[in-house]
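You will see chain A twice below: alongside chain B first, and alongside chain C after that.
Now for the complex of A and B:
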């Protein structure tokens, strides 16, 4: 079975118009809202993280199923592989943060005379911050590149060694990701509120990433199916993606609440300092994030039929993706802009610009390789998959 | 007194084909016993969708309301105490117990609904068709109650798929 996705003119124009709208909104927003440097950098950081998470999850999805000997995902492998192609661009965008360090991270200023920050200076200093960033991206891009190359080689050569090598690469990626996803979330998100810390933070970010990535893969499947591709992806595969979205939305709330409950209970000023601005200044968004990231998918995806209906599932995925963008917004904004932050033209413009670029990278990557892998020993199992 | 015909298969493919043939001939299959779940068997046997999830949702919702309601009543009305400077109606502290009782009620609700629906539990009468039904082979049990002349037909279909140990058993019920 040979199937190749061709990037249609219509899709290209669609992506181009998203980028166009983004640029237009940014120009309009720049003159109407006259944002300061801090707001612009905060937006860059939010969207960097959001699209980095989705791209990085492509690698997690591949490695997770590879090392757990899963067969069902094999037929849709090219989609997470295409997601990882955004990682190099993410890296470039992330290094841009160098120019906005002082607007985003309070700890990066010189001569603060802050005993807490002086105590953390061995970890939170600018050279080490960027050295770690380089290391993360080196690992992620390198290992996802090798994972992808491995399956492309397998397409040509039916030797079983690629399957075995894929397992080793996947295990390496998982180990590297387990550590780097935690430290990455301390570096880029938790250190915005440098006085505060939470040992659960890395997991919380990771599960948010998991939900975003699954929602994106669901939407890509729905789009490709609507174009007449991916005939072999049936309701059983869709059902499993729905289960992931449902389960990890619950788990996201579980971790959110585990963090909140302990801070609420002990009521120590150093810890409540994190939630106080979020609850007092952004009360509406604070509860909106909880409702659309947990309550909505929990109720909307509870029945079996709702998980097997691709249209309904894509609708839920869109809502959850919006919810997780707001979640990252709520993580970054109170520590950078604070009270005056509002979602306006600038925010939407940045999203549109990033989204356009992201979609272009993913779709052009999908169109370069056949949509179905070949010679994978688990491929046949994937066709006959039944939940 | 009911009569059943039972037989063993070595391979699940044979079982699937035999079950399909029997269904086409309008023979009612009483049960199929297999050492592992077989894909594609449920649609052949014509099982209806389980309503256990609905029971789970309802009993879970009841557990949720009972847990939350009881805590609210106990901490506000019955015995209000100041704990750690928190208000009496402190929602976050109610959540873990609410969550646990929701899960507990849902689980117990589903287990008991299943036991009642499938007539299991203390005092249940479960006819054992053969001593080896939990072994490594695939067993099919066919009802012989409706018509007496079914035996030859069933045996023919079963033998075609290499069934072994075909026998008729009478069970009081």
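Now for the complex of A and C:
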């Protein structure tokens, strides 16, 4: 079976118009809202993180299923592989943050005379911050590149050695990711509120990433199916993706609640200081995030039929993706812009610009390789997928 | 359902349906061997010792334990958390692995679920004894009464009561519902009239008709759905016993998910300890294969690494927080008077499971058995480290003290080990250790009699 996706003119124009709208909104917003540097950098950071998470999840999805010997996902492997192609661009965008450090990270200022921050200086300092950033991207890009290359080699050569090599690469990726995903979230998100700390934080960010990634893959499946591709992806595959979205939305809430409950219960001022501005200054968004990211998918995907209906599932995925963007917004904003932050033209412009770029990279990457992998020893299971 | 030829068979030895029934029912129908009698003698003696020590505690009071004003929780709560954790493997196998369609669970779910029940029974004893007067246990249940007494809903200890009793109930129902078809099988095979009558009662009139299967499947699905969140909730609630406090070393947000991972880790270690022996003694090597052991070892390395990351996260954040009490708590764990407990925990839980990255070791039964004992010990010390080292040096240096268990506490712990293993030994005599009906359901797709090409890869 050979199937190749071609990036149609219509899709290209669609992506281009998203970028166009983004640029237009940014120009308009610049004159109407006259944002300051801090607001612009906060937007860059939020979208950097958001699209990085989705791209990085491509690698997680591949590696996790590879090491757990899953067969069902094999036929849709190329989609997460395409997601990872955005990682180099994410890297470039993250390094841009160098020019906005002082606007985003309070600890990066010199001469603060803050004993708590002085205690953290061995970890939170600009050279080490960027050295770690380089290391993370080196690992992520390198390992996802090798994972992808391995399946492309397997397409040509049916030797079982590629299957074995894939497992080793996947295990390496998972180990590297398990550590780097936590430290990455401390570096880039937790350190915005530089005094605050929470041991759960990294895992909370990871599960948010998981939900975003699953929602994105669902939407890509839906899009490709609507274009007449992926005929071998049946309702069972869709159902399983729906189950993931349902289960990990609940799991996300579990982690959110674990963190919140323990901080609320102990009522230690150093810790509650994190939630106080979020609850007092952004009450509406604070609860909206919980409703969109937990209550909505929980109720919307409760029944079996809802998870098997790709249209409904795509709708839920879109809502959840909005919810998780808002979640990252709520993680970044109170520590940077603070009370006065509002979602306006600038915010939407930035999203559109990033989204356009992201879609372009993903679709062009999809069009470069056959949509279906070959020679994977578990591929046949994916075609005969039934419960 | 198509199964890739590279997958290892789950049932080996070219079995037929009849052979499966015969072999798995054999331990129930035959007479127990000498090893069984030797085993139960040992475990019952341990149980009797435990009962004596419990009686002694209740008669004389908690003063017979090594606790003091500073350290109010010692072995009792350590053992409680350890036992609750061990139970988790059963629920994880029967609920979460079911959702993930892991067929290899069919050979081990029955005994793992039984272990869950026994472990929770052992765990439940400790808070009850720790009350000093076990009858006070009555007052943890909220019910309207004329004296206006009401439980403290703010207390995580009360949440424990609900979490664990729900967990026990659902696990028991799930286990029993799964047993019903197999009890029906035993009832039809057993010779003795009296036993036939008993199994007949227990089988609830199971006939194996389509209607019975249909009901059985739907109740199983509902119970699996209920059990899946329980895997997470129980140990999360147990962790809040500590984490809601303001004690350095206890109050940390990672506790709920990290306790859950640790519980599954320790649970699988106990499953391996028991099943590596059971499969040998009861000749079940074709059902619980080396492949099964390897799969469990993979879960051990995954959960063990999660636990390892949690330890290191705690250490790092203690430093990063800049809170000197937090920093001291962790420094004191690693280098204080209880340093040895900390390093036993680190060695057994973090370092030794990393050896399982080697496939040869994952498939080596002797190694796995020894490692599983290491992990059982390591996870016990984890709770000891968390509880005792965090308590023994708190904010006021004038009240710093040390804790040593008395012979009474050790005796009670040995007693619960006795209870656990006695229950398990009785269980393998009266119920099928492996779910007969479920193993049969995977025989066609995953038995070794189907064609296996040369490319077969051992994983």
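Criterion: the second predicted complex is superposed on the first by the 387 of 387 C-alpha atoms of A that agree within 3 Å, B and C clash if a C-alpha of one lies under 4 Å from a C-alpha of the other, contacts with A are read in each partner's own complex, and residues count from 1 in each chain.
Assume a residue touches a chain if its C-beta (ideal position, glycine included) is under 8 Å from a C-beta of that chain, and two chains touch if they have at least 3 such contacts.
None of the values given here were measured: they were computed from a predicted structure.
Superposition of the two structures on chain A leads chain B and chain C into a clash.
In the superposed model, A:219 makes contact with neither chain B nor chain C. In the superposed model, A:302 makes contact with chain B only, not with chain C. In the superposed model, A:386 makes contact with both chain B and chain C. When the shared chain is aligned, chain C comes close enough to touch A:116, but chain B does not. By the touch criterion stated above, A:261 is placed in contact with chain B and with chain C alike.
In the superposition on chain A, no contact is made by A:143 with either chain B or chain C.
The partner that reaches more residues of chain A, of the two candidates chain B and chain C, is C.
In the three-chain superposition, chain B clashes with chain C only at 202-210, the remaining stretches of 94-102, 202-210 or 346-354 being clear. Overlaid on A, the two complexes show chain B and chain C touching the same residues of chain A, namely 261, 265, 384, 386. Of all residues in chain A, those touching chain C in their complex are 68-69, 71, 115-116, 119-120, 123, 160, 163-164, 171, 175, 178-179, 182, 186, 195, 197-203, 243, 247, 250-251, 254-255, 258-259, 261-263, 265-266, 268, 270, 377-378, 380-381, 383-384, 386-387.
Those residues of chain A whose C-beta lies close enough to touch chain B in the complex are 257, 260-261, 264-265, 267, 302-304, 384, 386.
Only residues 39-40, 53, 57, 84-85, 92-93, 95-96 of chain B touch chain A when the two sit together in their complex.
In the complex of the two chains, the chain C residues touching chain A come out as 1-7, 99-101, 229, 232, 236, 240, 243-246, 251-257, 305-306, 309-310, 313-314, 317, 320-323, 357, 455, 457, 459.
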